[in-house]
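Here's the structure, in structure tokens; my notes come after.
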Amino acid sequence: MAETRSALWQDYTWPELQALAEAGAAVIVPVGAIEQHGPHLPVSVDSTCVYEVARHAAQAVTEFPVLVAPPVWWGVSPHHMGFAGTITLSTDTFIAVVSDICRSIGQHGFRRILILNGHGGNASVVNVIAQRLSEQKPPLWVAAATYFTMIAQDLQAIGESDFGGMSHACEMETSLMLALRPDLVHLDRAEDDMRGPWTSFFGWDMRVGGTVYYAYDMKRDTNQGVIGAPSLATTEKGQRILAAATTHVASFLREYQAMPV
Amino acid sequence: MAETRSALWQDYTWPELQALAEAGAAVIVPVGAIEQHGPHLPVSVDSTCVYEVARHAAQAVTEFPVLVAPPVWWGVSPHHMGFAGTITLSTDTFIAVVSDICRSIGQHGFRRILILNGHGGNASVVNVIAQRLSEQKPPLWVAAATYFTMIAQDLQAIGESDFGGMSHACEMETSLMLALRPDLVHLDRAEDDMRGPWTSFFGWDMRVGGTVYYAYDMKRDTNQGVIGAPSLATTEKGQRILAAATTHVASFLREYQAMPV
Amino acid sequence: MAETRSALWQDYTWPELQALAEAGAAVIVPVGAIEQHGPHLPVSVDSTCVYEVARHAAQAVTEFPVLVAPPVWWGVSPHHMGFAGTITLSTDTFIAVVSDICRSIGQHGFRRILILNGHGGNASVVNVIAQRLSEQKPPLWVAAATYFTMIAQDLQAIGESDFGGMSHACEMETSLMLALRPDLVHLDRAEDDMRGPWTSFFGWDMRVGGTVYYAYDMKRDTNQGVIGAPSLATTEKGQRILAAATTHVASFLREYQAMPV
Amino acid sequence: MAETRSALWQDYTWPELQALAEAGAAVIVPVGAIEQHGPHLPVSVDSTCVYEVARHAAQAVTEFPVLVAPPVWWGVSPHHMGFAGTITLSTDTFIAVVSDICRSIGQHGFRRILILNGHGGNASVVNVIAQRLSEQKPPLWVAAATYFTMIAQDLQAIGESDFGGMSHACEMETSLMLALRPDLVHLDRAEDDMRGPWTSFFGWDMRVGGTVYYAYDMKRDTNQGVIGAPSLATTEKGQRILAAATTHVASFLREYQAMPV
Amino acid sequence: MAETRSALWQDYTWPELQALAEAGAAVIVPVGAIEQHGPHLPVSVDSTCVYEVARHAAQAVTEFPVLVAPPVWWGVSPHHMGFAGTITLSTDTFIAVVSDICRSIGQHGFRRILILNGHGGNASVVNVIAQRLSEQKPPLWVAAATYFTMIAQDLQAIGESDFGGMSHACEMETSLMLALRPDLVHLDRAEDDMRGPWTSFFGWDMRVGGTVYYAYDMKRDTNQGVIGAPSLATTEKGQRILAAATTHVASFLREYQAMPV
Amino acid sequence: MAETRSALWQDYTWPELQALAEAGAAVIVPVGAIEQHGPHLPVSVDSTCVYEVARHAAQAVTEFPVLVAPPVWWGVSPHHMGFAGTITLSTDTFIAVVSDICRSIGQHGFRRILILNGHGGNASVVNVIAQRLSEQKPPLWVAAATYFTMIAQDLQAIGESDFGGMSHACEMETSLMLALRPDLVHLDRAEDDMRGPWTSFFGWDMRVGGTVYYAYDMKRDTNQGVIGAPSLATTEKGQRILAAATTHVASFLREYQAMPV
């Protein structure tokens, strides 16, 4: 496959994809969200970011081919439906669609599939999808990860905001969008919304996980759909975040490829 | 919304989408397939074509705003799974995901939703989706159509092949891809596969519908995943097809807008 | 099976049905509706008509045995629930029951099953049922058709009403019931209700199909549950309609029998 | 409704059924099976018998109108699929279809619905259907019964066979079919098959219930699909059985009508 | 397994349970309810009673090992939700959980499984569970019973109350709890609530079954969640009830063990 | 409720539970597993441990009443089914049963529900349950946590084994069982099984979380169902682990109680 240039599954013909399966290509299935991200960011943020991380990681791996499947645009976002533009799938529908995609890919002989998630509301669900796929007979083994969890330590180094500043439409996401799609960022409309979590057990910042899960309602609990400090966003931070995510995802893909399956 | 330039839902912020709902914007939900299209076309054909038709139609309507939602990449393609690269949703999953998308859009106040389909295997399913959404309480009323069925008469004028030449990865689809994504068309690998239908009651060509439905299996029933005459494809035909589809979809949107809901 | 007289599956013993399967019998599964049909027709119209068409077609074929399975009385009629007497199945229940029937028939070795539909609200659903049955492993291949779609051209010749006159409890259905069950037709209560469709894209008359699907609500959109011109109904038209449907269904069964499966 | 002669729901128009609901009509929903009944009886036995019991009971009640809904032909008969001709619904499908029918009837204002069952494999399921309908919000209250359980004492008086003689395609069912559809009974092919139950706790005869439920497989556990003594069947016994069932169902309907709902 | 003392599945290690399967152990799956039982009994009554019956029966059988699986605490109790403390599963959830338990047990090689039920609302459902498990491929054959139905004749001998006195939180259940958990019985708060059934066809007392099923609502139809005569409860009656249930369940297990499977 | 001594929901009558709801009681729903834990521990480990942690935490809180609901014995353990004794629920069944329990509790007016999990295979699923319950209308807000994740730092202080020593039937679980049920621990049969994870991204030890999820199969990937170092287990470590878990859960309950809901 020396002549392969694109990382995009959808650009290939069936004989080319058959050859890629035989060549041991890994496949990333990016899953994001169409979800309000405050008055200054488009609803595509989660999908755009995870898709670009996936594409960068796929290009960064040169030892074996890596394909990026068409992105799952919509995630589980019921808690954002109070703001216009959010398109949510129910948890059950999201499980079904991602599972069917993985099953199809696996059926064509691809043995290393990574569901790469870019939306907090999907984080536990993608793990459950991987588990459910292992329940079927014969089992399908896939990996699942949320890219911003993989770079929590990098975010600690990059972030300048206090705890709570990297949560949603925040210092982190606004920076990353500045690096990826500056034409869609309206920094002049950005407004910080910092508030600590209700209990010390809840996760509230991408830099630190929580130990108790609790759903919340963005319409009730925020002013304009923002949690964090978009005012601290910069293009340079976005580039560092993209680089960190690319590095970690690519590293995992290499270890995954070396693993027996 | 004078400054609105993009037709893409995902490019807007939530306050912008709220304003678009209040302005009476129509929304097209494009649904396609990731499905083998012979050795000469990428697996994205159905999704690429319907997305572009949707975008052109949205631009063609200037009387009121028309948005194009993120495309549903994958359709119901079990009969194509014998060829690598096909990613199929089960009928039930496809119904669930398109329904959830329509429900979310409807919940934000958009009153005119068109599910625009670009894949034969989805054609009856999108009608069923529209019907099922009318069953819920309160009902959600949406329209559903398959763009190539809307232009059957235009295709009769444009096509040069015999009956059976405009079916799959064929004179029609290859022409349209030449017009839209010539970089992904490998005409040198195209091979015609003409065969009449098993019974005179089955539909077998986009120019003429059938009156009896019967599923088939592409691996069993074709040589390389082609039904039709890709050798007759030209860019000019593709442009005429795109223009016809754009015109019909735009016309429908205008009539739909004038309808009481 | 020379002594076979009945076409009805339910009249036979299991050894007889085993012999019929081995003899290559085709099976028609009639699906209708229990649904209001205006003040002049019983709620059984769709089921009665499709059952009689099935029985006549089965008798018309003499080359091989054709059985008629017990009819599925109820269809998908949520849009008629505003009028008393309608018994609707949800789309999902309808899919389940017709699928289970086909699976049972197929399991006993019958290879040619035709789901014959007599209700507009079921038309896309029966296609989807056929498609879903081909998704299972191993696939079950069945044919699906709506009898009045098969005779659209005949109806153009028989009908005297303007466009919109052959839709529901109309010139066509009232004529057919006059031919089949005159004791249940109350012509003195019939009242025409002619109205054009909301858009030129919607199907509205059995003589002409539409290219955009849109659900509607009979209670909201009609006076008494009628769309069309029952005043033009005659017994003679009903007999011609029955003959046309019998001919087309029987022709299909013969072609189906000759097809490899 | 003085002129009402038919007990059949399907024979009425919507205004007539609306009037019947307002007049407090009770509705029987007959549920049977299409299931092998040995070499001497047609597969329709359970549906034919319960439908006729329902019709006779409806006619026997003169104090208020009683309607008989179109019969649910197919029941839960997986254990009979080893013999040709059996058409089984899965338990889940059977629950869905009977539930939807009851919901539709209830929605039109009928307050007394009786699911009347004629097949052993449905006996617990119809109870569960009644229970599940009471779970929905708002609850729908319906009654459920199996007609031959209601006449267990009568059968003790009528039956001449030993224990095990009235079970399936047996002294009881053959007698009843002789009374109802003698043209479909082939007594010359009848063969007794008497065997005691595996444990003293299992029900095995319509005259005595069991206290432990255990599913069984007719193909494995019988010679030709018969359990019991069809050789003892007579038309006169069938008439007595029909009379007993008619009396008990009619009595229940009268008590049901007097009950507050 | 000479050293085996416990009857509880959960107390064993996997090698021990593997040995028990190979030794032909039977398994009882107790299913009860967490459901209001009047002001004088805890909500655990049904689960406590059935669990203790199961344990006593397991100990009473010495010919082969009998295990008692962890109890299914919650049953189908929607009709009791009007009183605090009731925890109900939907019918569908209850079916799913009991089915999964039986499938797991069967997968480890145990061939004799008895679902032993202690709650009226579960009685038909456990039969349906056994039937549904026989529908899967390959089928799983399990037995199902409700312990108080097995001792109806014993209860006729033990009970002193009039018809209706042994129904819910009644003479029977209060006696059994006095024998099993006297610390949780508050006899001083007990209040009889005797009322005959609405129709003579409904079951209303554990001593006599009904022939028509009808759901009811405890909040609407009782004063304090009691149907029956707790005032007549005694410890001695409870001991006799426990002994009778133990005897019958053990007897069944012995017959079950002797049956071919 | 001054006289309240028990923490167990099931021990109370309905009037007592109604009073506890009005008094603002919190409710813990313990969820575990019946799952092989090597040759030295009973299959009840996960359920026993989480139930005891829940009971200790409930007793530790004296400011307001805390109830412990009947435990969900079985979790999602398909990957342990290769060893006898494991009883697994499918992911979907587990979601259904825990959801129904929470809904029932919430319906009686309890506003603070904590799903407390004790099994790794349930960890993401309980989060998803909490999220799905927030999707329903009206939403039900519940908290979800896995007790051993809450004490990861404590385990770092208590554990002596290398990385990989606290995973399954390990130093941690064996210690905790020694503290809770020494009668069920067979230390003489314990055998260490230390192996590093396949990739550095997978979680493999309770002291350190992973950032990529990957299902595994215990039968394929371990010798006897153990991952870790049971040889290092001591009763004293078990007591420290119990104390740490009790403290953290009780702390959370206090913060939860202070939170607006």
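As written, the chains take the letters A, B, C, D, E and F, and residue 1 is the first residue of each chain.
The rule we apply is simple: a residue touches a chain if its C-beta (ideal position, glycine included) is under 8 Å from a C-beta of that chain, and two chains touch if they have at least 3 such contacts.
The structure presented is a predicted model; accordingly, all values stated were derived computationally and were not measured.
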If you apply the touch rule, which chains end up adjacent to both chain A and chain D?
none
What chains do chain D and chain F have as common neighbours?
E
Using the touch definition from the top, how many steps at minimum link chain B to chain F?
2
Could you pull out the chain whose C-alpha mean position is farthest off from that of chain E?
B
Cα centroid separation between chain B and chain E, in whole Å?
56
Averaging only over C-alpha atoms, locate the centres of chain E and chain F and give their separation in whole Å.
28
So chain A residues touching two or more other chains come to 90, 92
What topology does the chain touch graph have (line, ring, star, complete, other)?
ring
Please give the residue numbers of chain D that touch chain E in the complex, ascending.
76, 78-79, 90-92, 114, 121, 124-128, 130-135, 139, 141-146, 149-150, 152, 198-201, 209, 211-215, 217, 248, 252, 255-256, 259-260
Residue set of chain C touching chain D in the complex reads 9-18, 21, 34, 36-44, 47-48, 69-71, 73-74, 81, 83-90, 92-93, 96-97, 99-101, 104-105, 107-109, 184, 186, 189, 225
